Every structure is written in C-alpha cells, then in structure tokens.
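Per-chain numbering from 1; labels A, B, C and D assigned in written order.
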Amino acid sequence: MIFIKKHIPLFICFFVGVLTLGSYYVPNAGSENYIEMMNKWENIVAGFAFLLGLMSLFYSHFHKITRRAPGWGYSLFVYAGFLLVVVPAIVSNGQPMKGPDMTSLGWIYRFVFTSLSGTMFAVLAFYIVSTAYRAFRIKSPQAFVLFAAAFMVILGRVPLGQMMWDGALGWTGYQVTDVIEWLMSVPVVAGRRGIMIGIAIGGIVTALKIIFGIERQYMGKD
Amino acid sequence: MEFLGNTWNAFAAIFTVTPGWMTFGGWVAAGLTICLFSFLYKDNPFFKVAEHLYLGAGMGWLFQVYLFQTWKPKVFLPLMEGQYSVLIPTLLGLSLVTQFFPRISWISRYGFTFIMGYGSGLVIPLTISTDFLKQIGGTIAPFMVSEINSGNIMSLLNGTFVAFGFICVLFYFFFSVEHKGAVKKASNIGIYFLMLYFGAAFGNTVMGRFSLLYGRFDDLYKYSAPDYFYATHVVLGLLVAYFILDKLVLSRRGGGQEAH
Amino acid sequence: MKNALEKFLKIDRRLIFLALTVLLFAPIVRPLGLPNKNLGKDVVNTYNYIEALPERSFVMLSLDYDPATRPELHPQAVALVKHALRRNLRVGIFTLNAGATGMIEDIAARIPKDIAPDKVYGRDYVIMPFQPNPVAVMTQLGINLYEIYDKDRNGNPTKDMEVMKGVKSVKDMGLGICITGTAMLDYYVAYVADKYKFPMAGGVTAVSQPGYGPYLQTGQLKGLIGGMKGAADYETLINDLEKGTSGIDALSLAHVLVIVLILTSNIIMLVLKYL
Amino acid sequence: MKRPPIIPLILPFLFLTSISSAAKPSPLPPLTGFTAADMPGDAGGAALLRWNAVGGAAEGATMEVYASDTARPGWVKIAEFPAAERTEKDMDLPFWAWRPAPGRHALAADTSSAFGRPDEAQEIEFKLRLVKGGASVETAPVKVVIGGNWFNVSRFNNLVLMLTIIIVFFWTVSHAKRKGLFIRRIAGLDAIDEAIGRATEMGRPIYYSTGIGPMSLVPTIASTSILGEVARKVAQYDTSLKVPHFDPIVMTVCKEVVKQSYLEMERPDSYRDDINFFVSQDQFSFAASVDAMIHREKPAACFFIGHFMAESLLLAEVGATTGAIQIAGTEQESQLPFFFTSCDYTLIGEELYAAGAYLSKDPMLMSTLKVQDFGKAFVMLAVVTGSVLLAAGAVFGWEPLMRIVGQLFKAY
C-alpha cells in the first residue's frame, strides 16, 4: 500500500519534473509535443485546485457554525455572500453584460464585489498615515536614508509636490522626477538585485528538493 | 415541462436589472464601503458582516468564473464531444479534493505531485536565465563602452554604482563568513542601498494605498449625489447614530472597553 | 511643555484618520486642477514602443488585476487599450486572474461606446476567457496558443477570426503588456519574455513598482507603468485625460500630509530628547 | 501573396554555391556563396541560410527569401528585409554555438508558419532574391532537409550552471548531515537577548507573533526556531510570554516548541498551555485583537517574526506607541519598510532564514542557505571579473574578449 500511497506519487513528481526540466534544453518535436500536452493538462488540473480554497473556507465556517463558536453568526454571511454571486451568475449564464445591458451578475460585481474588495485594502491608507505620525522614527543613519528616499518619492509623485520642489529647488535645474528616476534606476536596482539573487537560488533549491522528493510537505502527513 | 420553463422564466425575471436597481446599487455599494471603513473607529458587527460577505462573495465570483470559463469549455464540452483524454487531468484535478477526507487523502498526492513536478521542472532553468544570468549580464553591461564620451560617462558611473551596491548587498546577505574587517564594511554599505530601496518602496506604497482610498472616496462621492438620494450621507449618518447609541448603552452599563 | 508634547505625540489616531479623510475627500469634491508634469521615463518608453509598432501589429494585453487594485490599474488598462486601438493595432485581451473578468467586461462595454467606436470585435480586438494555470498558459503561448485559447470568451472559435490572422504564438506578436497587482509580471518576464525573446512591458501597482528596476535596467522589460502616477502620465501622453489624472491631482494634499506628519513627530521626538 | 515565376532547377544539389540566374541583365551584382543547412538547436521547421554580402549594392535594396516544400511545390515568400541587415555577426547565438564570418549574411529561416512543423524531418527548397528599384537577381534554389535537434547548444551556459547548483546542493546536504556547516551568528539574535533582558527587569510580558503564514512557509519554520530560542531565555529568566496565533496548525507546532524549551531549561513547572493561544483566522480581526491586547498589557518587548502581510502596519504601530522594544523579521519586501521604521531591530529576508538555521541546525535549512551563499559568491566573482574584463576589452579594443564575456552571461 505504501507503494501506491507514497512511491508512485513521488515517482510521478520526479518523472514529470525531470522531463519538464529537460524540455528546456531539448528542442526537438517530441519534447515540444510533450510540453504542449502537459500545458493543456496542467491548465485543467489547476482549474480544480480552486476547489481547495473554496472547500477549506466552507469547511472552517461550517465548523464554526456547528460548534457555535464565538461569532458563528457572522459565518452565515460567508455562505450568503457566496449565494449572492452564484445564483445571479447561473441565472445570467455567467455573462455580466447582455449586449449593452447589465445583467444581475454584472450588478453584483459592480456594486457588491467591487466595493467590498476595493475597500478592504483601501483601509490601509489610514494606517499608513497614523504609522507615519506615531511610529516612523528616524533614530539611526539608516532610518534617515530610508526617510530621505521616501521623502523624495512621496513628494515627487504628485503635482503639488513637484510645484513645491520647483519653488524651493527649481534653480538647481534638476526636477524632482530626475531624482526619483535616478533613485529607481541606480540604488534601488542594486538593492533589489541583491535580494533577488538569494530568492532565486532559494527557489531553485526548493524546486530541486521537490523533484528529488526531499521536500514533501505539500503531500501532507503519512 | 412547460410549467418548469415558466417558473424558471418568472424566477429569472426577478433578476432583471432595472433603473431602480441601479439606484439601489448605489445604496448597497455605499453601505458596504462605509461598513468596512467603520473598522477605523473600532471593530464592530457591521464591519464583521461586510468582511464575511466579502470572503463569500469573492469565492462566489471565482466559482462562477471557473464554472463558466474553465470547467464548462475545458472539461464539460470536450467530454460531450467525446474527447475522453480530458478525463486524465480532470481526475487528477478532482483527486486534490480528497485532501479533505483523511482516510483517502493520499489520493490527492497524485494531483499534487503532478502539479509540483511540472512547476518545479519549468521554474529551474527559467530562474537561472532570468534572475541569475541576465542579472549578472545586466550589471556588467555598462562597462562595455568602446569610446568615452559625456553620454556614456554617466552610464558608466551609474553602472559602477549599481555593481558596487549590488556586491555590498550580497555581502550583507552572506552568512558563511564572520562579518569582520572589510566584509563588515561592505555589508554596512550594503544596508544603505537596501534602505534606499525600502525608502523608495515606502514612498510608492503611500501613493498606492492612497490611490485605492481615492477610488473608494470617488465612488462614495458619486453615491452622495441626489440621483442616488444621498445614499452616502444617509448610511454614514445611520452608522454614526449606531456608534453614539452603542457608547451610551455601554456607559450606562458601567463603561465599556475601547479597542484603543 | 514636555508633557503637552508627549501627549500631542500620542494623539488619538482617529484624529489623524479624520485629517486624511478631509484632505483626500476635499479635492474630489473640488479638484485642485494642477497639471501633471514630469512624465516618467519608463512610461514614455512604453508609449514610444507602441508608437513604433507597424500598423495592425498584434498586441497582447494580459489584464490580471482585480477590483482591489482597480483605482490604480484600471486607468492604465483603459489608456493602453485606447492607444493601441487608435493606432490601428490589433488587441488581444487575455487574463490569468479570475477576479479580472469583470474589469475586462467593463472595458469591453466601453470600447464601442467611447474608446474606439469604429473598431469591430473579431477584426480589431478579441477577448479571451480566463485560464487557471498561468505557467502552463505562458509556456503554451510561446508554442501554439490555439491549443489553449481555441475559443474566445463567448465560446466562438478563435482560429478563423480576422484579428488572429497570422498569429500562432507570441513570436508573431508585436508586444505583450501585463497589467497586474500580483507577481504575474514576474512570471511573464521569465516564462514568456526571456524564454521566447518576446518584448514585454508592464503595468503594476505603485507598491510593486520599485521591484522591477532590475528587469528594466537589463531590458527584460521594455517599459513600465507604475501606479496612478503612471496612469496619469500615460493619459497625458495619449492626450485623453481621465481617472488617472484626476486621481493623482486629488492625492496631492494627502501626500503632503504624510510628509508633514513624519517631520512633526520626529521634530517633537528630538525636542523631547534634548530639552 | 505574390508568387514569382517558377525557375527551372539548374543545379539540384545540396549546399551548392549558385550563380546569378536572372533572366535579363541587371545592374545588381550576382548573389554568391548561398548555402542552406538545418538550423541547429531548434524544434524543427527552420533552416540556416548563409550568403555573401553584396557590398555597396545593398544600399536601398531588399532581400526576399522564398521557400518551397518539396512535397507540395510552389514558392512562398517567408521573409523580407533590407539587404544590408542580418549579417552573421547579428545572429543572436553565443560564441560556443556560432562563429560569424566577416562579409557574410545569415538568417534563421522559419518555415513553420508557411508549411507547419511536422514531427518528422522535411525537405525544403530555398532561394534568395535581391530587389532594388525595378531590377532583381535571384539565386538558384538549394534543397535542405530540416528537422528537430536533441540539444539547444546556445543554452549550454544555463545547463552548466544548473548542473553545478545540483552538485553543490547534494554536497551541502550530505555535509550538513554529517558534520554540520558554519553559519555566522546574526546580529539580530543579540538584540533578542537584550529585549528579553529588559522585559525581565521591567516585569512585563513579552509578545511573540509568528505571522499569518501556514506551517509550509520557510519564514514560519524559521520563526518557530527563533520562538524556541526566545522561550528558552524566557524560561530561564522566568518572564511571561504570550504567543497569539492566526493558524491553528502553527499553534500546535509552537506549543510543542515552547514546551520543549521549558523542559530544556528545566522549568516544566513554569510552562502553561495558554502561552500559545488562538485569536482569529481573519487577517484584520487578528491584527485588531492583538493590537487591543498589546495596548492593554503594555508588554516590554514585541516580536513580529515570520510571514506578515498588510497587518504588519497595524501591529508595529501599536507596539511603538506603547514603548515596547520591537524586533521584527519578514521575507515580505513590501512590509519591511514599515517594520524597519517602527521597530528596534529588523531581520531582513534571508537574515530571518539564517537566524532560523543558526538556531535549529536543521540540515535542510542549512543546506539551502549554503547553496544560496555559493550562488552569491559566484555572482560576486562573476560581476567583478566580468566588469574588469569588459572594461579592459573596451579600453584595449579586444573585441573577441568583450563578445565572450558578454555572451557568457546572457540567456538564449
């Protein structure tokens, strides 16, 4: 049983991994046909991976409701929200627009989904301002450099900031945008690239571990 | 059969979007937006309801997109046309779901290994070329100046600066030698390059988050118009009334707790 | 004095929230009307690249953003569609983000209305359905896109469409642009641009914009539109001002507020420390 | 598509130099040195055409390339470009796969859009046509068999690098298991000691959050090792520790880790099961609840180490306003600026992994870190020598050197 439960999946991983890896270096028709077939299949498999997210959300809220966990009443709204989209979607056959007219699905998208998901992250703008005042401390030379770069960018991105720069430092002949462009194309490139190399090799090592069956966490416990 | 058809048509007719619905939409949008913003004052039931609705509605939207744009055209229709080879990826995909049933969860490994092996095989050579070889090539490219003139002096200077900073940052993240002497100096310079990067990122994040807020405010402003019967004003007023009432009730009970 | 300053430093944050609300809402009600100058270099590069494409070139527009980043990215997408269609290029709209389908629908509804009323679906532009596996789709785009995109979003076969004439893979396209609030552009750079030597540009949120510096320096990306400022710049370039321009104008006061707040609190800290 | 008149085959031999076969006398020089071969390193469907430059006559002239599938006769124009372009030097191939000759042109002629790309080899005929004004000259057709190849030689540098990484990886794994590997101590760990010391003096609790990542993420794994170290110190000094959780599985793991640390310090009596507690699986509710707790209890030290997203802002701010020593660490670049400005010490990206590996001595974490270090060393060396060689090549005009260095670090 362990053969079916563990060894075959690991072999599939190794086999598919090595063939796919090889397809980058081997250009011939066989390799191209293989990768074409895999692309089509993987696209469909990934289409079902979405069910994992859906089921785990439903499962955890179902659990909350049945156990009457604190705040379980809110969990009902998860299902309500789901039906609020799916029922109109089925009625309008998945079309948000029918010619020039909006369907009920389009209505839900514009007025419910857009406002909800747009606002969730817009709230952060407020926390940035309060952090700027209450927690942004220039207590070391490094923090000062960080602030100086942030200052330039915050100021230079908006028309009012550009006007202020022109008024105070316009005589230098440099626009604030020039400073930002230099910042973005020189020190930022160096900093980001330094971080990138480590991440890149970390990613390669993880991928190697997966192909060789060393990393198996994604498979779940035995 | 005809009865069923009629019932369905009557049901579907409820979902016809009329101008009245469009106005009502303004109220819904303004209401949900303000409920979420109310978290800024303090955590409250309206925020929680809207937040849970968001989770459900988001999943619902994804579900219908997958249903109509992936499962139907990529699985259902080909099967109807007799292309049974689609069954292989479909079964592998469905195997993922067994993860939720502990006794047969091992079946999901077939799907997972199929995805992970493929993804890992693809990513290795591409990372080497995109994030490794090309980044080295890009760093040294400015040194290829065949003749010195004022134009490429700047690019040479900037290129040197990038290469120097790049190496210093790499020293900062180098863990195999003790940070002493020259290595320490280099890594200390490296951290300033990182700070410039983070500073620029901070500045841009400010713009990004404010843009999102602008988008919501812009919508709220739209719904505060007379065409929408002042939806924003009314909803906001109702919520403020709730908080005042809430505070009064709490203080009568002997003081509540503010979040902060 | 010291006590008062300390108190001022620990002021209720809801007052700061209120200040931001006022400073961001006021310019929406009454715009400042400041001109958007100093266009970004990477935005201009994107614009010039599209300007230099021969007529009827195929431009792949991968719109991979959802409503959460709409204020930043939707104006970029609209401006790019306008520019490409008005330049008489063929536009293929793709998406690898399920949340984006509604935003694409919005653009689709606007094309016959005000973006380019003379353009015909199927001849000048086409909209493809959402596909769930980005890396598989990208790899296939470089070989033969019809194996995955055999039908458009309405279920019509794509192969015989006039807009797709002579287009089999990214090698037959003039430019690819990915507009995204996620890491999709990174995938496009590695899986399509570098692997198949395909010119790509990007439109990203301001948050992720600095991270693409290395790709721009090496030329792996031909151009980049970053955040609302990028959208405003692009609108200025195609001379058709819309939400991006009015947005960047409205952000002015709030940006200055942030700087004032950081400086005030740090000056108070200094005073407290040395007084 | 315009189809030129079919010209009788004069020389039906492969790779034969042809002579001009224009019917009427023309001012254009004849096209010479025309050869066709299979394009190396491709999936099939393309041929490598080479011909001699026509000198001054190229000015304003256009080169047209025609192909014909011998199975289905009939000429199809597959390419058209200014005659002065596409020299052998312009070919986008590295020096180990391509040796350009001066005064020659070359083209990778792709016939797949004209004739498709069958899986087996196909026989294709090619000819060139030089057009200038009304005049034109043609080469005789040349036949060639084209097909797919087994190795894309231009990706050789990539292959070598990949094999090197695999070898280094297995070497470090075996070394890490047998002898262990050296990793320097991260400065941030001293900051952790200091923070715990201060909390002991003040008699206030310590908060530690592992973030919102699941157990499968490396930052979460690293964070649990750091939590183990923190718990050891806490047990030693008998301070109070609180660990709010987002993910129930991470909580289970952390309970074990903390319990183990208390046992190691021989303080099992001080261990309480409620050190680790579950808060909420919702990003913002989690942040709001933890904020409220920190605000109420005013801890002496807060640790935010692991995978953090937008909640980093909310958490770091409240700690800063209550005056706690804050130590943060995350791999999320977009959150690092907030942590850096509002915390006393921040572990940046890989530093977090290194701290985790240093404390746990886990061979897998160690080996990954070592391969990363190897890669960084390689990059540093490549950048330094590469830029010196390129600059030297530029100054002294050694063109081949510049070409070699440039192409070594290019992806094809």
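Just so it is clear, contacts are C-beta pairs under 8 Å (C-beta built on N, C-alpha and C of every residue); 3 or more make two chains touch, one makes a residue touch a chain.
This one's a predicted model, so the numbers in the text were calculated from it and none came from an experiment.
Asker: Count the touching C-beta pairs: is A-C or B-D ahead?
Answerer: If we tally the contacting C-beta pairs, A-C comes out ahead.
Asker: Name the chain with the Cα centroid closest to the overall protein Cα centroid.
Answerer: Taking the mean of all protein C-alpha atoms as reference, the closest chain is A.
Asker: Measuring between Cα centroids, what's the chain most distant from chain B?
Answerer: So the farthest one, by centre of C-alpha atoms, is D.
Asker: Give, as an integer number of Å, the spacing between the C-alpha centres of chain C and chain B.
Answerer: 14
Asker: Suppose each chain is reduced to the average of its Cα coordinates; what separation in Å results between chain C and chain D?
Answerer: Their C-alpha centroids are separated by 23 Å.
Asker: What parts of chain C, by residue number, touch at least two of the other chains?
Answerer: 10, 13, 17, 20, 24, 68-71, 98-99, 101-102, 131-132, 135-136, 139, 194, 206-207, 209-211, 214, 217, 227, 229, 251, 254-255, 258 - these are the residues of chain C that touch more than one other chain.
Asker: Which residues belonging to chain D are in contact with no fewer than two other chains?
Answerer: 155, 158-159, 162, 165, 284, 317, 321, 333-334, 337-338, 340-341, 349-350, 372, 375-376, 379, 411
Asker: Please list all residues of chain A that touch 2 or more other chains.
Answerer: In chain A, 24-25, 32, 38, 40, 42-43, 45-47, 49-50, 106, 109-110, 113-114, 117-118, 120-121, 123-126, 128, 130, 132, 134, 136-137, 142-143, 146-147, 150-151, 154, 157-158, 184-185, 188-189, 192-193, 195-201, 204, 206, 208, 218 touch at least two other chains.
Asker: Residue numbers of chain A touching chain D in their complex, please.
Answerer: So the residues of chain A in touch with chain D come to 24-33, 60, 120-121, 123-124, 127-128, 130-131, 134-137, 142-143, 146-147, 150, 195, 197-202, 204-206, 208-209, 214-215, 217-218.
Asker: Using the touch rule from the top, collect the residues of chain D that touch chain A in their complex.
Answerer: Touch list, chain D to chain A: 41-44, 117-120, 147-152, 155, 158-159, 162, 165-166, 169, 173, 215-216, 218, 281, 284, 310, 313-314, 316-317, 320-321, 333, 337-338, 340-342, 349-350, 353, 364, 367-368, 371-372, 374-376, 379.
Asker: In the complex of these two chains, what residues of chain D are touching chain C?
Answerer: Listed in rising order, the residues are 92, 113, 317, 321, 333-334, 411.
Asker: Sort out for me which residues of chain B touch chain D in the complex.
Answerer: 39, 43, 48, 51, 124-125, 128-130, 132-137, 139-141, 143-146, 163, 166-167, 170-171, 173-179, 194-195, 198-199, 201-202, 205, 257, 259-260
Asker: Hey, which residues of chain C end up touching chain D in the complex?
Answerer: That would be residues 10, 13, 166, 168, 172, 194, 197, 207-208, 211 of chain C.
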